[in-house]
Amino acid sequence: MVEMRNVNKWYGEFHVLKDINMKVNKGERIVICGPSGSGKSTTIRCINRLEEHQQGEIIVAGTPLTNDVKNIESIRREVGMVFQHFNLFPHLTVLENCCLAPIWVRKKPRKEAMAVAMHYLERVKIPDQANKYPGQLSGGQQQRVAIARSLCMNPEVMLFDEPTSALDPEMIKEVLDTMIELAEDGMTMLCVTHEMGFAKTVANRVIFMDGGQVVEENEPNEFFNNPQSERTQLFLSQILQH
Amino acid sequence: SISADTLSTVKKKGYLNCGVSTGLPGFSNPDDKGKWQGLDVDVCRAVAAAALGDEKKVKYIPLTAKERFTALQSGEIDILSRNTTWTLTRDVSLGLNFAGVNYYDGQGFMVSKSLGVKSAKELDGAAVCIQSGTTTELNLADYFRQHGMKYTPVVFDTSDQTVKGFEAGRCDVLTSDQSQLYALKIKLSKPNNAMVLPEIISKEPLGPVVKQGDDKWFNIVKWSLFAMINAEELSLASDNIDAKKKAKNPEVKRFVQSDGPIAKQLGLNQDWAYQVVKQVGNYGESFDRNVGKNSPLNIDRGVNSLWSKGGFMYAPPMR
Amino acid sequence: MIHNDNKLPDLPPPKNTTGIIGWAKENLFSSPLNSILTIIAGYLLYISLVPAIEWAFVKADWLGDSREACTSGGACWVFITARLNQFIYGFYPEELYWRVNIVFAMFSVLVAALVIERTPYKGWIASFALIVFPVIAFFLLYGGGFDLKIVETHKWGGLMLTLVLAVVGIVAALPFGILLALGRRSDMPVVKSFCVIFIEIWRGVPLITVLFMASVMLPLFIPEEVSFDKLLRALVGIVMFQSAYMAEVVRGGLQAIPKGQYEAAKALGLNYWKSMGLIILPQALKMMIPGIVNTFIALFKDTSLVLIIGLFDLLAIVQAGLSDPKWLGYSVEGYVFVAFVFWVFCFGMSQYSQALERKLDTGHKS
Amino acid sequence: MPENKHNLATGNVSFWNDPAKRSLVFQAILFLAVFAVGYIIYQNTQHNLESRGITTGFEFLDAEAGFGIIQSLIPYDETHSYGRTFVVGLLNTILVAALGIFFATILGFLIGVARLSHNWLIARIAAVYIEIFRNIPLLLQIFFWYFAVLRLLPGPRQSLELANVAFLNVRGVYLPSPVLGEGFSWVLAALVLALIVIFFIKRWARRRQSETGDQFPVFWASLGVLIGLPFIVFLLSGASLQWEIPELKGFNFRGGLTIIPELSALLIALTIYTAAFIAEIVRSGIESISKGQTEAARALGVSPGKTLQLVIIPQAMRVIIPPLTSQYLNLIKNSSLATAIGYPDLVSVFAGTTLNQTGQAIEVISMTMAVYLTLSLLVSLFMNWYNKRMALVER
Amino acid sequence: MVEMRNVNKWYGEFHVLKDINMKVNKGERIVICGPSGSGKSTTIRCINRLEEHQQGEIIVAGTPLTNDVKNIESIRREVGMVFQHFNLFPHLTVLENCCLAPIWVRKKPRKEAMAVAMHYLERVKIPDQANKYPGQLSGGQQQRVAIARSLCMNPEVMLFDEPTSALDPEMIKEVLDTMIELAEDGMTMLCVTHEMGFAKTVANRVIFMDGGQVVEENEPNEFFNNPQSERTQLFLSQILQH
């Protein structure tokens, strides 16, 4: 589904991504972790071209990413993304948030779009909030709306960038539950997160990044119990303390 | 209550507030040192010389056409000497008194030579540049209506802008008092391309104005102007008055040293008329210096000559 | 399983993404549409800027004292240089220019001291600038005391008059503005409605009608015996007008002070005026500086309107110069010069206020 | 209980220490002071007017004006009254202000968006535009557009022309004006019909979208109908619409529609000046919307144009409207600078010529000020109403 | 020192304080607790007239509270208050914060005021911060400055409105210690707080409020070990869990 080959990226003179190689197959669930500033967000944002890479190849759903606008738009249609800060549209109701892209991008009939939206809102367990505005919802609810909004486009792959780190502890669980369900349904997922419990439960592979490179990549069990690299060990010892 | 007596307030202040134009060459215009000069300015100087004994004790207040009457009514200025036409309405309903005429003018037209127009009667359909708030504006309307012609009024705030508009080709004709036309003509970058049409469509007696209700002050302004005119008639000028003072001519004697109670009744010093001529000069001098043959305007004396030379300038005798 | 423990080196970015080419690709030609826009804009700039620069600099004449010095066919800046003194000082007597210069110098030093961030004793300098300096400036400019010859205000003009109008306008409007703003926030209905009406009326009418009223109608409102200077009357109009705008700036500043500050002051036993003077206003004024600078800019530009009532500010005096028969036909130079002077002042001030705004912004977040 | 809850705990307080009473006294004093000042001014004015022999009252409005006005939206000539000059000036003010607001808004939005363009050159040009035009006095800009630019235009005989029906010269822009003949009411009826059709097109397009998902280009279709339908009716009905084409007669063009250069210069200056401020407002409005909003829209595959239209602008409007309102008010007030170049607006005609011919300063100036106050008030009310509506939609 | 008799207060139509009766003697230390919105802050703010009550009598240091300005001012001089959010004056240094009221309200000479201020700053253990600005201090330090500022006026009574609830856990202790010392020196104190440890240590009495009424008033021991009212029991069970 997603393949990165020797991807390099610079911010000005600063080398953020160094020779990233990674391959995600259909139905796989990948968790990316690593210390702050290691390039996790950048990697994931390169996949749907929110950032541009300068060297190497990224192939999403068989299409290589190029500068072609049509290309980028078609890829974005296939890739859903959930952000740390939800980024819901505050001037639209929950339902309108979910229908916007299907109507204007997929050109779906409004009726159909609304039906699909309601379906996914039910799936994330907040159909009753459909006509409220995002400002009236709790953080957890907002993040679930954001997930539903992405799902409405029927993406092949879902990207998550620390979806729970802006949430209060009580709300983290409801969002993680939603994501676990999604994983169980066989969605291809790439998820940046520090929730190691989540990683253990659903991930097929865990990727550890540091200083812009992939340092280690392994099965969750191996990764947590038998980390190979020193940096991984250090990171895990810090993160598992609490 | 008694409205304050202008002469005594002026004496108390030590200077005269004189309303002048914001800039009309020949009549009132600051030179590059900021010194005010012109025919209208000379009236102010004459009044200052008569009332205070010093022509320099004048504070010039530049006024736009719009402001001038309110400024006088409100007492901001003691005398308005700003090429203002004497009309019935102004005399009666604005509470003003015209103290005489220092320039007989008439409204005329200036056109570009290339237009090929020889008479104002050919101006049907023309765009006309005028300065706002003047009698000119009314005369123009009357004239075109009377001759069954149409026109487009292009109205500006100051005469400066009027010239600029004319020069830019915004209008075919510039109308104003003839004296001003000459003054404005030299402001054009190519003065020779413009010409003043022969028609004069109105009477425009211009003169200094004071507030109603202060006859004493009215008299002083009036007679300061008359003194200048009489001086010319008597051939008294700033450079010869000291010499002629000693002459025996009784009329001159009366002039330079008005005996008796007259000066006192006027509220002035004995030598007030002498001071006017000594410091400002006679009317002819003033005319030549500012608008006449010694000035860039070079306007012909014409009707502004003395009555004795076929003009309208006629001052009552000083006896 | 992948394990890769050796640290990769930082490489320099590929050539075509850095340097001029990379920059141009990213910023000028990132898409076909962008490229077209760039080319069109570049062409327009080329055809307008080249002749303008040629006119203003390459072919311009700078020195001389009459129009005969202008021979190169470009701009004739001689007109400006020859009359520069008049443009700066108006009709102020030449031998007394030093008095104006002292005021200018003091003013610059004070402003510099207040603008530079690390100046110590800012409060004292500010009070000096607001209270003592105006008195000194008045005596220097007008004269009267200390054996200084009086220079009537109708001789003031040019840049000096522009500055006097703007600075006095803003400084005098400040206290009125504060009172009005406090009144508008008061819970006494009469005071409040009076202030609201006052503010809204002055903000609703154009400045030129205000100036016109001040210049010709004010004398009708006051007793006949009293008369005051035309400049002073223009100033009264400007200050009234400006204090309404200032009041709104102050109100914004007051609203930004948290309620806790009022309560703490009350709880310590400070009464209304003391808590305003010691606690609220010192904090609010600091936040208001950008707003004050912005109103100052607006006022500074608006001073050019006094030409409509016959005061010779910078614009008016240049226009008067343009009608000098000796210098006909140089109006473009004149207007460009005035525009440039105003622009330099306003641009400088607006950059300062924007910098301050940014600083206050981050200051609050941290 | 709540009916007697007011200040039962007050107790006996000496008069001067009770803040409620103190504030009452203070307010009474203020009221009296304001009243007294007003009264003194009134007295002085009365006295001054009397002693200076100035008549007061509004009778002068009925007197014949006797001067011409270059542009009037209603029939006017020298024989009309001073009262009429007031209306003429007022309408001219409203004309220039309304046009100014319209154009300044469009230009301001364009420049504001250009300021944020990814194209460095475009963004720079927009920035330079803003910094130049908002830092130079408006009066100067008006002079520039009038005196400096006017000079460059050709005279009437060398007019630039378009297809021999429209002309541009130093006297203005001359356009053909329609003369409505017989049967033209059909065309007007068609225009009304077009509006109704557009209404239904909108509804139909929405329904079709709901059912099939196809987007219908409503805007272009509406435009087509709005222009096309009356045009077809016009052709079919054979209505006699004549165009009065301006013709060079004597010195000037006559007939047709004239846009005088005073109006153009004032309008251009007001537009360019105000647009610089509006651009800054638009920029900061758009920047106040977090980058996350754009990213979220892009991540959903929404195109940049649609992102701006559907996501950014609707949110930015909330931030934009209040400062935009004060720019509109400024524009209205600034239109009074017309007097500097002789555009016949209210200040120039009524507070200018009329005031000067009649000398009724107090009446004229207060009428003028009242007009500006009313205009400002109306605009604020409208914008507040609009802002409230926007806010309601959001929350 | 402080006495409230049948005090009633309304916000608009909302009855916040219902028949409050309470008597605080000189040297007593009272802790007020209760659920959020129960009217604790309102009660305490009525005592120095930051809020106005509408019925009943409040007598502070022998003076009944009336609308009389002089009266209010003299009472405020006798009553110190410490807020949840410190409310230090950010444009003044710590020392100036402390001197302000003594100089302008008590009309003390500046030198004397400064000496007094230094004395109290020493007492709250931050004499070395005297010339810093509040923004440069930690939350705990700021709250101690706020206490010192109140003490500088030599108040007869001190009111505290949740003085520690805006503080990080490490800093709570330093503020509580300061307050305990103050209590030990015999200051009359009225303190709204949820710090039950503090209540047990220093309080003479604990007052429990709910729904605008005083529900229970008792000695700390009795209050905690043997609460009478159901509402108190419920409240204590919730609050003592963590």
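We just call them A, B, C, D and E in the order they show up, numbering each chain from 1.
In this text, a contact is a pair of C-beta atoms (placed from the backbone, for glycine too) under 8 Å apart; a residue touches a chain by one contact, two chains touch by 3 or more.
None of these values were measured; they are calculated from a predicted model.
A.B. asks: Could you run down the chains that neighbour chain A and chain D together?
C.D. replies: C
A.B. asks: Report which of D-E and C-D is connected by more C-beta pairs in contact.
C.D. replies: C-D
A.B. asks: With a Cα-based fit, what is the angle in degrees between chain A and its identical partner chain E, given to the nearest 5?
C.D. replies: A turn of 165 degrees brings the C-alpha atoms of chain A onto chain E.
A.B. asks: From chain A, which chain is the farthest off, judged by mean CA positions?
C.D. replies: B
A.B. asks: Which chain has the mean of its C-alpha atoms lying nearest to the mean of all protein C-alpha atoms shown?
C.D. replies: The most central chain here turns out to be C.
A.B. asks: Once you find the CA centre of chain A and the CA centre of chain C, what distance in Å lies between them?
C.D. replies: 51
A.B. asks: Using the average of all C-alpha atoms in each chain as its centre, how far is it in Å between chain C and chain E?
C.D. replies: Measuring from centre to centre gives 48 Å for this pair.
A.B. asks: Report the inter-centroid distance (CA atoms only) between chain B and chain D in whole Å.
C.D. replies: Centre separation, chain B to chain D: 43 Å.
A.B. asks: Where in chain D do residues touch two or more of the other chains?
C.D. replies: 47-48, 51, 147, 339-340, 361
A.B. asks: Hunt down the residues of chain A that sit against at least two other chains at once, touch-wise.
C.D. replies: If we look for residues of chain A contacting two or more partner chains, we find none.
A.B. asks: Scan chain C for residues touching two or more other chains and write them down.
C.D. replies: 212, 216-217, 219-220, 224, 308, 331
A.B. asks: Looking at the whole structure, which two-chain pairs count as touching?
C.D. replies: A-C, A-D, B-C, B-D, C-D, C-E, D-E
A.B. asks: In the complex formed with chain D, which residues of chain E make contact?
C.D. replies: Residue list for chain E touching chain D: 7-8, 10, 13, 15, 52-58, 64-71.
A.B. asks: Within the complex, which stretch of chain D touches chain C?
C.D. replies: Against chain C, the touching part of chain D is residues 23, 26-28, 30-31, 34, 41, 44-45, 47-49, 51, 117-122, 125, 131-132, 134-140, 143-144, 147-148, 329, 333-334, 336-337, 339-340, 347, 351, 361-362, 365, 368-369, 372-373, 376-377.
A.B. asks: Using the touch definition up top, name the residues of chain C that touch chain A in the complex.
C.D. replies: Going by the criterion above, the answer is residues 1-5, 7-8, 10-14, 17-18, 31.
A.B. asks: Could you pull out which chain D residues touch chain B in their complex?
C.D. replies: 47-48, 51-55, 66-70, 78, 147, 150-151, 153, 155, 170-171, 249-252, 254, 261-262, 339-342, 344, 348, 352-353, 355-357, 359, 361
A.B. asks: In their shared complex, at which residues does chain B touch chain C?
C.D. replies: Spelled out, the residues of chain B in touch with chain C are 3-4, 22-23, 25, 30, 32-34, 59-64, 67, 70-71, 73-76, 157, 160, 163-164, 186-189, 296.
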